[in-house]
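Written below as structure tokens is the structure these notes are about.
Letters A, B and C mark the chains as written, and numbering starts fresh at 1 in each.
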Amino acid sequence: MNKPLFGLILGGILGVFDGLTALLSAPETRTQIASIVVGSTFKGLVAGLLIGFFARKVKSLPLCILFGLAVGALFAYFVTLGTPYFWKIILPGSVVGIIVGYATQKHQETPAVQKTAT
Amino acid sequence: MNGISDAALHHLREVADEPDLSGTPYEIVETLGRGGMGTVYLARDLRLDREVALKVVQLPEGTGDLERLLREARVLARLEHPGIVPVHDAGLLPCGRAFYAMKRVRGQQLDEYARAAPLPERLRAFERICEAVAFAHAHGVIHRDLKPENVMVGPFGEVLVMDWGVAKVAPHLVGAFCCSPSSPGDEGLGRGRSAAKLALMGARGEGSGGGTEAGTILGTPGYMPPEQERGEVDRIDERADVWALGALLGFLLKGKEPPPRPLEAIRRRAMATEPAQRYPQVEELAADLSRYLAGLRVDAHQETVLERAGRFVRRYRTPILLILAYLVMRVLLIFFLDR
Amino acid sequence: MDSRAGDRFPLTRRSVVEATRDADPDVRRQGWESLVASYWRPVYKVLRVRWRLDREDAEDLTQEFFASALVKGTFERYDPGKARFRTYLRTCLDGFAANERKAARRLKRGGGQSFLSLDFAGAEEELRRYGAGEELDVEEYFHREWVRALFGLAVEDLRRWSEATGKAVHFHLFERYDLEGPDAPERPTYAELAAETGLPATQVTNYLAAVRRELRRLVLERLRELTGSEREFRDEARLILGIDPVKSPGGPK
């Protein structure tokens, strides 16, 4: 699996969880949870993809983590606009960026092995 | 005469067995090893001032068409692959034996290497063996004597498949090569004393494609498939090497712990009694092993749901751990931010 | 006969085991003499070491064993299809020694009836110097001593070859490096041998290579004589020298 794809998938999964945790951190948003999860997932997918491309280009773990943090924080910042949940959004979003940055840099790109894969 | 001491007797037996290298540019330095099929010496090539491994083998009766054997040697000498020991020279000695000079390989035999190397490293070495053998197959050459003693592992983990002395060469390839002129890289093969030079690769009685007489048994017990053990020469094809590779894999899997089931399944399929039940080609065996190493499902093994789940977790261990770490962190954030 | 019956160059390259069955009594006797020359030492040693006979009894029994074999045609009855000749001979020896032991209980043998001139003192010296091979079973011990005898004869052949062909320096080098060298505290180097003989070092290498080739040929000739069949000859050659002599130009034709 290549790094951008890996970042995309990991970012997406973390995005889903990020969205769902709104049920715990801000129960009052329950009615909007579907759109929150979709938005959060989309944010995770895009951030993961970008971080994946970055990790492929730049072979440095610290830089990749820093890039992940920046992208995660930036995207989360856009989400915070117009909401009262600045830290509740910016912190988890940044952590997602850091995790994806770390994971994509560590991830070994393997050539496709023929036939049956799961 | 006061008799010969044990030490002198041992020495005399050795020197009496020394090949007659007069007329060749080689000089024996020491004996590297003896096998049932010949002796390998460390020799010095006086012409090029370098050390070579010199294998001296006895020519069997009825060696047959020497020209054909020479052509076979050419085919084998052209197997240029990092995993195959290059043959520099070949010829007939005045003492009636044949020799071939190869690159001197430094390293450990696979059996020694396997004693110390962890399983993943052993499996990677096995993958490289498969690559070399597959390359030879692609050039119409079947090794027929793959065993731990015939594989060397260099100091940097490089793998070299040695001793192609009982290799079988596809007839169509022998024909094809015989028409092409000698290249400078042949280093003497078929040139110079060409009349006297003959192939060594066929030195044990095997000929090309159908050169080995039916009923002739070549190879090593435990590392040759049933059809080879029965001397059914006509039935020997690439799948004979697949069987031997299975045996090699079994050797590499030996240890205190029983081998993982998918690996055992790969070994079993490679070593199926019927050639038709084996991997049809070495590439497929290697691909199945690569799938195992990549954490994918192997063709040879029907896995249970539990095994599948376990493999998934093993394969994606890092992301799974990261997701779990994220969730823990998230819970902690909720806890602290809401206080 | 003389213990150096094997000193002659072999008259033919045919098996002396076969010669013991020849219609011509002279050929038969010659074959028998060659067999004695090659086998008496291992026979004597087995009697001394494994049958624990004292020196005198072992000497007598060695003489009697070969004399009885000649009279009874023991070697003529050998069937190459069933066993190696040396195995056959050792089995005969065991049977003979067992019978003699029984007979000795009833009647003290006369002894001293030597009609073969064998160098028993030399064999005793070998026993003293090279041990009784306690770690080996009787078959292995017999084989080891037989190989020693075989090489002993071949080295004697080599000495005569060097004298006959004016290659005394060759043999001297061989003696110093290959015969004495393995037991010397420090084996001489080729350079030292070169200085000793006034030859260039490369010549020492060449001379030694030539003399070893000759030794190999002579060992194979002796072996050819002492084995009962072509197959046995090849098997023994493979066992002793690690080679298949069939294609060797130096080997028997």
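Quick notes on this structure:
To be clear about the criterion, contacts are C-beta pairs under 8 Å (C-beta built on N, C-alpha and C of every residue); 3 or more make two chains touch, one makes a residue touch a chain.
It should be emphasised that the depicted structure is a prediction, and the values quoted were computed from it without experimental measurement.
The chains in contact with chain A as well as with chain B do not exist; no chain meets both.
The most central chain, judged by the distance from its Cα centroid to the centroid of all protein Cα atoms shown, is B. One finds 48 Å separating the Cα centroids of chain A and chain B.
In whole angstrom, the spacing between the mean C-alpha positions of chain A and chain C is 87. Once the centre of each chain is set as its mean CA position, chain B and chain C turn out to be 42 Å apart.
Residue positions of chain B touching 2 or more other chains: there are none. Put simply, chain B touches chain C in their complex at residues 1-13, 15-18, 20-22, 27, 34, 39, 58-61, 94-97. Here chain A touches chain B in the complex through residues 6, 10, 13-14, 17-18, 21, 24-25, 87-88, 91-92, 95-96, 99, 102-103, 106-107, 110, 113-118, going by the rule given at the top. Chain B makes touch with chain A in their complex at residues 287, 290-291, 294, 296-297, 299, 308, 311-312, 318-319, 322-323, 325-327, 329-331, 333-334, 337-338. Considering their complex, residues 41, 122-123, 125-126, 129-130, 147-148, 151-152, 155-156, 178-183, 205, 209, 212-213, 215-216, 219, 240-244, 246-251 of chain C touch chain B.
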